[in-house]
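Okay, so here's the structure we're looking at.
A, B, C and D label the chains in the order they appear, each numbered from 1.
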Amino acid sequence: MCAITAPSSSSTAADPPAGAAAVELHGITKRFPGVVANHDIDITVRRGTVHALVGENGAGKSTLMKILYGMQKPDEGTITLDGTQVAFASPADAIARGIGMVHQHFMLADNLTVLENTVLGSEKLHGIGDGARARIRELSEAYGLGIRPDVLVEDLGVADRQRVEILKVLYRGARTLILDEPTAVLVPQEVDALFDNLRGLKAEGLTVLFISHKLGEVLAVADDITVIRRGTTVASVKPADVTSKQLAELMVGSELPTPETRESTVTDIPMLRVGDLHLTAVDADGVPREVLDRISFTIHKGEVLGIAGVEGNGQSELVEAIMGLRDPDDGSIVLDGADISHAATRKRREGGIGYIPEDRQRHGLLLEAPLWENRILGHTTERPNSRGLLIDAAAARKDTRRIVEEYDVRTPGIDVTAASLSGGNQQKLIVGREMSHQPKLLIAAHPTRGVDVGAQADIWEQIREARREGLAVLLISADLDELIGLSDTLRVMYRGRLVADADPAAITPEELGSAMTGAASGHLEDDTAAPDAAVRKPAAPDTSGDADGGQGGGRTR
Amino acid sequence: MSTVTRTGAVAPAHRPPADGGKRRLGLPQVLLLVAGGLLLLSAVRALTDTTNLTASAQIGGALALAVPIGLAGLGGLWAERSGVINIGLEGMMILGTFFAGWIGWQHGPWAGALAGVIGGALGGLVHAMATVTFGVDHIVSGVAINILALGTTQYLAKIFFADGDALAAGGTDKQSPQVDDMHAFSVPGLSDWLGDLEEKHWFFVSDTAGILGGLTNDVSYLILVAAALFVLTYYVLWRSAFGLRLRSCGENPVAAESLGVNVYLYKYAALAVSGALAGLGGAFLVTFTHIYLEGQTGGRGYIGLASMIFGNWRPGGTAMAAGLFGFTDSLQLRGGGEAVHALFLLLAVLLAAYAVWKYVRGGTRAAIAAGVSAVLLGALYATTDTVPREVVEATPYVTTLVVLAVFAQRLRVPKWIGKRYRRGEST
Amino acid sequence: MKRLDRDKLITAVGAPVLAVFAALVLTSVIILISGKDPFRAYQVMIEFGTTDRSAIYIVNKSTMFFLSALAVAIGFRMNLFNIGVDGQYRIAAFFAAAVGGALSLPGIIQIPLIILVAMGVGAIWAGIAGVLRTTRGVSEVITTIMLNSIAGAVIGYYLTAGRLGEKDGNLTHTPNLPSSSRIFMIETSVGDINGFVVFAVLAGVLYWFVLNRTRFGFDLRSVGQSETAAAASGVDVKRMIVTSMVLSGAVAGLVGMPTLLGESYNYGTDFPLGVGFTGIAIALLGRNHPVGIALGALLWAFLERTGTQLEFEGYDQKIVEVIKGIIVLCVVIAYEVVRRWALRDQQRRVGEELAQARKTEKAEVGA
Amino acid sequence: SDSGSSDKGVGLAFDVGGRSDASFNESAARGYDKAKKEFDLGGKELTARDGETEADREQRLTSLAEAGYNPVIGVGFAYGKSVNKVAKDFPDTTFAVIDEASQAKNVAGITFAEHEGSYLAGVAAALKTKTGKVGFIGGVHNNLIKKFEAGFVQGVKDTEPDTEIDVKYLYETDIKGFQDPLRAKSSAEGMLDSGSDIIYSAAGLSGTGSIEAVAAQEGAWAIGVDSDQYRDKALADYQDSIMTSVVKNVDVAVYDVIKSVQDEKPLTGDTAFALKDDGVSLATSGGFIEDVQGEIDAAKQKIADGEIKVSDTP
């Protein structure tokens, strides 16, 4: 996909003095309230290389990169670029020095167009009108990004947004690129395309700093790897010298876990039956669209059903329909024999549904409330949180301490706000909370997204253990390894429909990824001997040239 | 924090091919709409025999009543586009009236208007200091500014207006001495010709002439300035780099910051302009009635805020909403019960049209709601002759409620509005 | 735990102290500019404001302010900006007075009936805004502004001789309540305290208890903090919005009761106006906490009481209006400043602790 | 300190408008100033705030009485209830309330026959109109302003039954109707455009707006209210358009109350200042109504004789 070609206007910046490293960070320390995010960091990045940073959640990677990008000021330490020491007052200074950053979270204004998002802050370069539009088209073509400048960002899917982020950096003529977890939401084909892009950039002499939790990727693309643990650099290695297992051990000091399901625990007692579920939504223009189209499946006790799909194909809506956050137009949802198709969310939760939402900050937590109140959230009516109509604060606090202990939530106490925890620790708290009520059915949307390997292993283990005891799980994940490793059954969702199913024991992430683009349907077999018309295309669809067809499918075009 | 919050758009594949994002109306459509509206208005005028509906003086009066509201609304727009809620518009407007009266009676209306602008801007800067620098909740700060502005001006009025020269010139602790007239403006030639046409009471033609006449005859210069400011706002906010940056602060300041935009600076600028516009609204009240009077703003800052929301955070919409307020207000002040009664028919027809349009597009529930409202209004029109005085007074407010209840869901709020933003604090 | 308590204490005590100090400085400057002695002014205020009779005035007056701020605060806790308490309490008091004036039942029935009518009417008036917000997505800020004006028109319509009002000299008011429906007075040697203060205290306790100790209160606060998270947790957000608007309106309905049942015994054209807007300022001062609101209400009443005396002593009573504005602004800024200062302090201490721990760990890693 | 002596002087409690409201407060202040000078008295003035309750007004009156001021005068009908209440606690002090009747022993309830004054304005308007159409603008639709309306309408109709009268109020209940000149101006312009050429505004400070609108149209006349607005400095620019004003001689009343206390024959009970007592009058400044003065005087006489009964409700 998107094979890289040299950009038409390359190497504009003057060549740096030979020998000097592109970036040198020395003795960087940064404190936040209640946490030291960075402490005595030393990193040297050679020009024209891809340099990876790895580390647990909350290790301080993003903070460090924001310091380099001028968004945070270090409390101590120096930054040296091409041999000259610099001090950035704001990102504007960093941008002027040729640094560009793609953030872990999208930094896009939804209600502005791609063009507006791109030129923002650098209007001097090509104005905000046709000049800019032309330049964006040029860049888009040169890098095969397939970007339409006048679309609202709101209307874009995740991969397109990711490309807009990269475009923003290129538009500013950056020579040093910081990519903070750029692959977290991409399907394998998209990741490959991105890596091709990176290699191309590197060939032009650009320097790339790259953060990822997916160690396989890191080993595949990086020239150097720096490991950060608890805010400080603990090792610098070459990819050739380490395996991902060793790398993980450096990060956490424990063994590399894998999300493999051992013995099957699937029973034949149905726990959740979804039949002919149909949902239409009215979009901003008042036009109704089908977001769920005749969805049917059954999850049995002890079964993990994984749903694969490119984001935006209806998975979120499916979850919301099962949780009662959206009212289906048609079809039935039966939980453990009880019809809950139109029941209130609270009824469903009391009936035994546990929910790990995909956006934990928006749907899973009260960021400004203390941890113990977050422990009550979603289970207000259940013990130990309440007795009768009253909240039982003492019991809830006690149980919060237990969760913090059992699920290894790293926090100074249960009275700090949820916002002060790192993302991984927030996630552990949510998992602990949901598992504390012995759910019959767990809906887990991206349960380990952005979570470090150590915590990942814990979460997987929790799910597996509960499954052994008869828990049914609906798993939605963009991490195909996780999906294949945890699921007993796999279904592929595409444009609001379940288009294919697969046996996790017999499918590779690549095959699954290609099915997610709508390229295959029916039952997916690892073997070429497909039983019927369910044709599986050999690889990703045509990837060259035509930006339209090759963008991981399923996207807005 | 390390949460990945990349939620994609919902099933983007199903979206119709969007070009330039949202559907925008082109010039021909706008002209068509305007013509349709005029036709309707003329029809109602002819049917109900309420000449007032389209009389040029009625339009002129509406304009004068709309301008202060519109300017406050435009001020609200600047603030809210930069992400700051400005409930303090009323207070800034009060500052505008006070400064305009204070300078105006001594140095003439133009100096007074300028002073009003400065006074309002000062209020805006206080709001900026509280919300941007100190991170105080926007509504809290706005309410505080309203209280502070009222108290301070009342206090200062005694010192500035009830003493010395001012006292001798007719000032009191409640009002300033007279401010000189700012003269008005008429398009030469045009107004006479339009006036003649209007006299003829020809269907549509005279109505159009009346409306145009109201817009071109004997118009205060400040009204022209206000109109220019609406256009200017559109160009600055939507067509310049400055505006892009300012709007980005209201949509996603973290993104703006990550691209080197000095978010604090733009918010300060936006609030200074916001206050300045509200202050000009206040100054308009003073120049138009030639006097500063305590309590003169009479809640117009709040109505301005409402018209901005009503106008969907856009200058054109805000102008239309303020115009609607001015029109209904003028109608009831000048025409009284009978004129408002005629308005019922207009509203009923509009709602019926909306119901049909909605029904055709498949929005059955909205169609029924609008349809029922239309029938009720129509029945009300048919069964009564006039509207009780108390109801007349409530007309602008009820109209706003009805219109908002029908259209509110299509409004588009700046995303980051009202949220606290601290440099380097958000991830 | 200990540290958190300390921080809480600093914000609870430090901020008001800082705010009052800053407000005093600013006010002094303003009084000085007008050529008067600020310290004498404060002396007058304190001396006069602390007399027995002032105390009674302040308690009576703050009852109304307290209830109004409580009504506003319910909305604030939900992230709803009920700017319409003003209209709600007026229309509620009006219809309650009309009903009360038309009946003459024993007080034990009639007083609760009047109060219930007031709460009901307030609830309906606020409920309109809630329903429009949930079903049509109209911002409650606008609807409540509009409803304030509409309430004025509705009252104007009915409060005329021949409809629900009767003419009395230059006033028009509803028929007087029968003497059975006058609220009890707490008699003291220097004057009567309006018995409704008991209800106000009860309302405050109930507010605190419901919000902090009940499941319903938890749900309500969770919607205030994050609508999306609350919805996912099983709260019916729309219903909660309507419910809390209704509750807010019901409390707003109480605002006019001390006046109606204990002072005017009718709703006339001289019924106090604008108390709803004062409530907004006081809710902000009290940071939505009942104790804070009570203190804010007392402070406000104190200022009103002493303003007249200041005028008596030759000061401009408008200075009190300036003080009010300055206090609100100073309080909100001071809370923010102190909160941040406490945060930095905590950051410094935790930072030191963690750095210590880090050093030992790093030594181990290096080994 | 309940002293009946008047060493301290006069206590004057204004309504919200305050001393210089160009209306009845100002008029009261004139009488007060005059009496103070004449009898060489001290005095204390206090002013009401917006949004007051009974308790505030009681406090104000109590403060004055307690400090020994005598008489204590509440200006404006808002003081009606509170004066009666506070007067009970100070039986040796004389109280007065302007614009409200009172039967209490030590209270003078002073009312004015605004409707009678307005009747004369109606007579003048009916005689002077060229278009046969006149207007009335009230600030707030309350009982007091309705008195003005009633008298004016009756005066017009009794004089020229065919004259059309356009009656408008700026607000129904909201007292901001007395301080919104923009709306008064709009309303007046509407009346002028629909053919009225004389507009009588009883709208407090909003009246500025309507007078201004009238001044902008040649041949149109404004009728002022409360004080002789022809002499109002703030309205100096529009002097030539102010045909006359219905003057309410609050100053006379206030002066009379103070004098009565000085004479130790304090006024009490209902004290009506009618047309025949010169409690209300029609101003003649500018001389614009000289030509119809005869008819006006005749009407005045008829009212005095009881031949004409002016209604005080529309």
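Rule of thumb we're sticking to: a residue touches a chain if its C-beta (ideal position, glycine included) is under 8 Å from a C-beta of that chain, and two chains touch if they have at least 3 such contacts.
What you see is a predicted model; the values in this text were computed from it and never measured.
Chemist: Averaging each chain's C-alpha atoms to get its centre, pick out the one most distant from chain A.
Modeler: D
Chemist: I'd like to verify one number: the distance from the centre of chain A to the centre of chain D, where each centre is the average of its C-alpha atoms, in whole angstrom.
Modeler: Chain A and chain D have C-alpha centres separated by 75 Å.
Chemist: Counting in whole Å, what is the centre-to-centre distance of chain B and chain D, each centre being its mean C-alpha position?
Modeler: Those two chain centres are 37 Å apart.
Chemist: So how far apart, in whole Å, are chain B and chain C when each is placed at the average of its C-alpha atoms?
Modeler: Roughly 30 Å, centre to centre.
Chemist: Would you mind pulling out the distance in Å between where the CA atoms of chain A average out and where those of chain C do?
Modeler: Chain A and chain C have C-alpha centres separated by 45 Å.
Chemist: Quick check: what residues of chain B touch more than one other chain, meaning two or more?
Modeler: 299, 390, 393 - these are the residues of chain B that touch more than one other chain.
Chemist: For chain D, which residues are shared contacts with two or more other chains?
Modeler: Residues 50, 141, 171-172 of chain D touch two or more partner chains.
Chemist: Mark out which residues of chain A touch at least two other chains, giving numbers and ranges.
Modeler: 359, 362
Chemist: Pull out all the chain pairs that touch, please.
Modeler: Chains touch in the following pairs: A-B, A-C, B-C, B-D, C-D.
Chemist: How about chain C: which of its residues touch chain D in the complex?
Modeler: So the residues of chain C in touch with chain D come to 57, 60-61, 64, 152-153, 155-157, 159, 167, 169-172, 259, 263-264, 269-270, 272-275, 278, 304-305, 307-309, 311-312, 317.
Chemist: Where on chain B is chain C touching in the complex?
Modeler: 87, 126, 130, 134-137, 139-141, 143-145, 147-152, 154-155, 158-159, 299, 302-303, 305-306, 309-310, 388, 390-391, 393-394, 397-398, 400-401, 404-406, 408-409, 411
Chemist: What part of chain C is in contact with chain B in the complex they form?
Modeler: Going through chain C, the ones touching chain B are 30, 34, 81, 83, 132, 136-139, 141-143, 145-147, 149-150, 152-154, 156-157, 280-281, 284, 316, 318-326, 328-329, 332-333, 336-337, 340.
Chemist: Inside the complex, what are the residues of chain A that reach chain C?
Modeler: 31-36, 39-40, 229-232, 234, 323, 325, 344-350, 355, 357, 359, 362-369, 373, 376-381, 386, 389-391, 393, 412-413, 415
Chemist: Of all residues in chain D, which touch chain C in the complex?
Modeler: Contacts found on chain D: 44, 46-47, 49-56, 59-60, 63, 67, 77-78, 80-81, 99-101, 141-144, 171-175, 313.
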